[in-house]
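Okay, so chain A shows up in both of these, paired with chain B first and chain C after.
For the complex of A and B:
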């Protein structure tokens, strides 16, 4: 039996919604098949008021052993570092987070807000939000660079806006069943199993990426979304085209560009007008090139790809 | 096919207009997305069959342009086999050696 506590800071509840929609395994499977005891969760917990405060205090003191502490949302520090803008169970949430993270065997940050600040931490960051162990790309965040939980691991980051339901439950199960040695983390503390490949891996528009045929409107069946519509698939680490959403599709399959939501900079360019759904270019060349490709190679590649493009690549081939 | 013939005729017609010295707005060059969006917005103000208007606003020339020899052949919107500019605001038959200000790679 592993005790799991889930709290929510500066958040929209998107990751909770995602979690409750999980299928492999589902939130119920966590309890019935994997012996996870959900101590409390904002949408599932029954304790209120004094009872909830007591439960939280018992987790901090060790009277209840806290195996997995899941945090969704940012750590809110406003105003002036006090955290008073996000009070929970009688005190600023940041104080609970600080104490519970120290008491837990494992700490799991779910979603962009908890991992690196996400949308609330977008400039000018009025809520003084931080992720648990990162603020955007900067290591540290609320708990500090050197933080490790009692089991000796840093915060396990499962980013996404929201994270895919199955990324959440599969990581929770791996932790609860003692398979943490299977979880290797990348430089941003994301489990490699999910975040080693790119959104582009498995995208049905890969041939259009290769032959440089652009989709110029949302939902178009022909073309790749990289050239005009700002798709970040070639530079975003996610398995969105391997572990499909709702088991059937993904953004790019539906003709919607990847926004890069699993990367620390999300939302990119601080949502400045004209930067969303639009490939940013300098003199006609994209500002952000696919990971590992420089401008010179990109131009050479484009010339070669255009010359080699077969006739069918120019036709509408995604017929449903 | 009828459709292709029509495109060939229009392409030849555009080539003739450019060769005859049709003055188009090749400046200023498009440096960023804001300028690109503004030019697209101006093009959207034209009627779909206003070929001259598209050529002038787009800054079409019938040869590669600039030090980097930019041309339709490598442009993102160029469909090689159809010899067609697939940017919805232009949607014109073109030659691979032409260029316009909407060029991007």
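For the complex of A and C:
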């Protein structure tokens, strides 16, 4: 039995919606089969008003043991650090977050907003939003660099806009089944089991990447989205092509460029004019190269790839 | 006359986002109400000076529940601004995305957010209570578990087109990013079939879609209900009986005037989209239904106005069109019920006034004879509205769920209409201009305005269904639709005002709420309440 509390700050509920798409386990399975006791959730919770406020106060005081505190959405600090632009249960949400994080065994940040600020923190960041322990790439965030929860871990960051339901449910099951010690985190506090590999790992367009065959515009039946359409698959850490979305596909499989939404910089280039769905280049070479590849090697690699490309690679492959 | 008791509910819960409600109660009935949206993220501010296509990335993330609807609006807004050509397949693929998001929402909303309230101890006296608890209890209810789990299925179709739901950006000016293959289409058929067999026919209707589709009037519906125990024992049958038994048809009506932008542009009629041609191009017609006069007219975006008199913005007190809004949040958002008390704005039609958006609005509009002869027409809910003495929160639910079969049929039609080898995208020429895109999210009328100047966004404005419904008072102190719908709600137990939750949740607002009770005279808080 593990008590789980889920709250939302500057959020769109997208991670909740994603979570509800889960199967094996489904949201209901977590409750009925894995002994997860959902103390409250904004979309599912039964408690309201005063009863909820009492429940929250009991979690803070320890009268109710808070095993897992899940936070979705940014911590809103506006205006001027007060947090009044996001009030919840009678006070600024940031005050609840501060107290609950200290009381919880594990603190899990779900989605980009809670991990690094996400869309609301895009310049000019009108809501003065922060992630729980990061703001973009800067360590610290709302809870501060040195924060650790009662179990001795920093905030477990499950990024993505939204996070995949499995990235949420499997971590919860790992905690519920005593596999906490197998959860190792990378430098951005993401579970390595999900975020060591790249979005490109398992992409159906990998052959086109290898032969430098480009999808030059949308709606084509072949080609890699990296060269012209701004895909960030080769430099984004996620298992999107290992653990498929909604069990059936991924953005790159469907023909949509990866936006790099599991990385702290998302949305990249702050969505400045000319940057959306277009590969940024200098003298024909992408500004952002596949992780670990330098410019000279890239030019050599793609030159050789182009020469080696078989004739079929330029023809449609994902055909009717 | 008894003393007026004021109840502050913060948060209400199971509405998406942060909503607080204040109600004044006198002699056990709500006599005044204020709805407060309590979260500001500033999407319109973020979009200023960004890439013209930034809305395709940002706006689906304004609402994780209506992401496909936002994407639909963002894409059509750019299409009209850039004067693109959108191929037939792309129109169908966008519509299918919109439809599958809505199919997802039907069981998820009904069981996850709404029906839980029927298990409230207040209804212990109802003969349907025990059955409601068995089916609708959170997480463990027999229908709850099936409904919430099956809700993830329709958006698998969305993922076949866009890679994932929520938060894809596969709709782009000029078409869509995808080019589905045969197996995508056959799998989509199978997913639809699964949804129908597992839930829609077996659990929700207790009959075939074909039988349900024969119902076109209140009398037809009653005959259907009594025709076969399977109908009466379906979740729809149970909800109908229990809703009436506990009096949900007696309150929650609202402003009595309704708006829909219409939705689903026809694949052969909107390939060169313009703002002005949209009304004559959508399958599901737009409109305003004025219940006080029983009249239908088309809706036009030019007639929309916003007012920020009671909203936390520093933009004066005049009614303005969204193209003229400047989105200047005030720094100190203190709550003043005579002054400013919400982040939502007062939205209205320049002539008709405040309007309710949502599924009830769509179905009342669908019953009108206005619009084009080929557009969708369905008289059922308008007939119920008249036979049942006007709107109520019960009818709002019935209207919402009635749409499910129609959404399902539209999905089937689209899967038949795709011509897989035809184009899915025509690359547009980027240019400056003004655009507007609209749709009907499952919870109501949604639209975006964009003004592109010098290759970047000069102004981006969104009016969501919740902006219509949760909006505060306007310059004339006219209450917003939910505020108005709360008037007359009977509160059986002021320490557990489930009725307020019912009304707020019947609009499926994208917001969250708590209940505090105040003495209206002293302003002293009496108690705080659990609504669910």
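Definition applied: the second predicted complex is superposed on the first by the 318 of 320 C-alpha atoms of A that agree within 3 Å, B and C clash if a C-alpha of one lies under 4 Å from a C-alpha of the other, contacts with A are read in each partner's own complex, and residues count from 1 in each chain.
Simple rule for what comes next: a residue touches a chain if its C-beta (ideal position, glycine included) is under 8 Å from a C-beta of that chain, and two chains touch if they have at least 3 such contacts.
What you see is a predicted model; the values in this text were computed from it and never measured.
Using the contact criterion defined above for the overlaid structures, shared-chain residue A:260 touches neither chain B nor chain C, since it reaches no partner.
Look at A:159: by the touch rule set out above, it reaches neither chain B nor chain C. Contacts of A:212 after superposition: chain B is touched, whereas chain C is not reached. By the document's definition of touching, of the two partners only chain C reaches A:90; chain B does not. A count of residues in chain A touched by chain B and by chain C gives the higher number to C. In the superposition on chain A, contact of A:280 is made with chain B only, not with chain C. Judged by the touch definition given at the top, the superposed model places A:299 against chain B, while chain C stays out of reach. Looking at chain A, you'll find residues 217, 274-275 touch chain B in one structure and chain C in the other.
Residues 8, 10-18, 20-23, 26-28, 31-32, 38, 42-53, 74, 76, 78-80, 84-90, 118-120, 122-124, 126-127, 129, 161-162, 217-221, 240, 245-256, 259, 261, 267, 270-277, 318-320 of chain A are the ones touching chain C in the complex. Against chain B, the residues of chain A that register as touching in their complex are 212-214, 216-217, 227-228, 274-275, 278-286, 298-299, 302-303, 306-307, 309, 311, 314. By the touch criterion stated above, chain B contacts chain A in their complex at residues 29-34, 36-37, 70, 73-74, 76-82, 86-88, 103-105. Remark: chain C residues 9-14, 16-18, 20, 38-43, 45-46, 49-54, 56-58, 61-65, 67, 90, 108, 112-113, 116, 138-140, 144-145, 148-149, 151-152, 155-156, 158-170, 172, 174-179, 181-182, 187, 329, 331-333, 420-421, 423-425, 427, 455-456, 501, 510, 512-516, 527-532 touch chain A in the complex.
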